[in-house]
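Some structures are shown below for you to check.
Both complexes below contain chain A, partnered by chain B and then by chain C.
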Partner chain A sequence: GLLWERPLMEVRLGELHAWISTCSFSPQGLLGAVQKAWSSYCAKYIHVRQGGPAGISMLLAGYCLLSYGWNYQHFKRHRWRKYH
Partner chain B sequence: MNLSFFDQFSSPSILGIPLILISMAFPALLIPSMGNRWVTNRLSTVQLWIINLITKQLMTPLNKEGHKWALVLTSLMIFLLLTNLLGLLPYTFTPTTQLSMNLALAFPLWFATLLTGLRNQPSKSLGHLLPEGTPTPLIPALIMIETTSLLIRPLALGVRLTANLTAGHLLIQLISTATVSMYSTMPAISLLALLTLFLLTILELAVAMIQAYVFVLLLSLYLQENI
Partner chain C sequence: VLHTTRPLHTTQQSLAPVPPLPEKGGEVRHGLIPEEFFQFLYPKTGVTGPYMLGTGLLLYLLSKEIYVVNHETVAAASILTVIVYAVKKFGPDVAAFADKLNEEKIATALAMKNEAIQSLETAIKEEKKEQWRLEGRNYLFDAKRNNIAMLLEANYRERLMMVYNEVKKRLDYQVAMQTLKRQKETDHMIQWVEKNVVQSITPQQQKESIAKCILDLKALSKSAHAAV
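Now for the complex of A and B:
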């Protein structure tokens, strides 16, 4: 189909630049993109008949990574300390 | 720049955006809402079962007027449960360790129960200040004591939750620091500390769930007295 109608996973790497130029970066556009991403994540991993722990574990792992990144300035100094 | 063990409780912020906002909003993501399906997925089934269990447990002692509080109490319970449990994951921030947040939850809800009682049944609410069967000379002292105990309830609710979680997190940090630092010099003691850490983590899981339950249970008890 057309480039801007294809979902992100079906866009080839060479076409990525062109695809990004077709998305709208207005607040409504960004919100719509976030909502679409969230609902496709839920549809793929959570709203399935025989879901396992994978769906929610990925969310928790992502949250841990986000918290680590948020606190990185603090942890960096913790590693370098001589006396804890 | 002094790094102390209490640094884990300072609200981290990057580019001026505090992490506490994300920590408070994240539990909502973990409870997906089913659209218009007849049969829900496994995660929603488990969560709905837990929510039903909690709601029945909280609402059974309350009369019909008290059932209006079902949404507030159940959502508060789910929020506290998830926030406390999420705080046990590595590198995460627990918003319920902040006294400001716990008091902000406890004080308005307690005050609402008090005002409900004073407005709808004032003499019965004030009658709770004097237990039945008190000897007459003790009445003035007991009224003052009961009033103090009534006014200190929101503070107790907030501080109980804060203190329990803060103490647990501090203990985990202390014992894990001990385990790691003794590993090279005294591995046997380090192993003992590791065992203690394992048991402590189990305790912290239990405490996280119990403290959330106690908070909401006490609020429902205060409601029962006044509604």
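Now for the complex of A and C:
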């Protein structure tokens, strides 16, 4: 199909620049993109007849990574070695 | 306010029936990484590619101490162990329980739908029966017409009887009047004749008749005396 109607997963690396230039960066556009991403994630991993631990565990893992990233400056002080 | 110019029901309804949920979710390996990632790397690096990538990333993060090993690492490791053990052990039971709940919900909804369909079907049958009954209305009207005709006939005859009775009564009255008049006339005439006859007997005639009667009586007594 057309470039701006394809989801991100089906866009090839060479067309990534063109694809990013077609999406809108207004607040409504960003909100719409976030909502679309969340609803597609839910539809794929949570709203199924037989879901497993995958649906929530991915969310928790993402939360762990995010919180590690936010507190990185605090962790940097507990390094074991001075020079890497 | 319903805008009558808006076309109604031109497109397919998007709300019902709701498409059923997919059976299984997206494939996820080791509970964390979606299968699409492995498929994405497969053409270039084969089967071990993502694992090598993971190992290399891990060693890089540890050696450069971008990931710092501290007490939280120990806590995370123990928590993860417990969680994995619990999921592996109690996962299927919880899944069966959730499936049972779902089944019950679906069963109640299905029962309601079937009940509604049944009631509507019985309503349709009743309606058809009523329509069939309607076809017999000719008989009903004939019976009613007969009833009314009978009523009219009975009423007519009643009135006829009344008329006959009334006329007879009047005629009887006239006849009675005439008989009475004739009776009275005869009585009166008899009385008048008797009165006149009695009046016409003069005192002279009375004496002569009494004397004759005495003579007759004497003659009779003589003959009777003789007979005895």
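Everything below uses one rule, namely that the second predicted complex is superposed on the first by the 79 of 84 C-alpha atoms of A that agree within 3 Å, B and C clash if a C-alpha of one lies under 4 Å from a C-alpha of the other, contacts with A are read in each partner's own complex, and residues count from 1 in each chain.
Methods note: contacts are C-beta pairs under 8 Å (C-beta built on N, C-alpha and C of every residue); 3 or more make two chains touch, one makes a residue touch a chain.
Quantities reported herein were computed from a predicted structural model and do not represent experimental measurements.
Of the two partner chains, chain B is the only one that A:Cys42 touches; chain C does not reach it.
Once chain A of one complex is fitted onto chain A of the other, the partner contacts of A:Arg81 extend to both chain B and chain C. Applying the stated contact rule after C-alpha superposition, one finds that A:Gly55 touches each of chain B and chain C.
In the superposition on chain A, A:Ser67 makes contact with chain B only, not with chain C. Residues 46-52, 55, 64, 68, 75, 78, 81, 84 of chain A touch chain B in one complex and chain C in the other. Across the complex, chain A is touched by residues 1, 3, 7, 12, 14, 19, 22-23, 26, 29-30, 32, 34, 37, 41-43, 86, 89-93, 177, 181 of chain B.
If you check the complex, the residues on chain A that touch chain C are 9, 44-55, 57-58, 61, 64, 68, 75-76, 78-81, 84. By the touch rule above, chain C contacts chain A in their complex via residues 21-26, 28, 31-32, 34, 36, 63-65, 67-70, 76, 87, 91, 95, 99, 102. Chain A meets chain B in the complex at residues 42, 46-52, 55-56, 59-60, 63-64, 66-68, 70-71, 73-75, 77-78, 81, 84.
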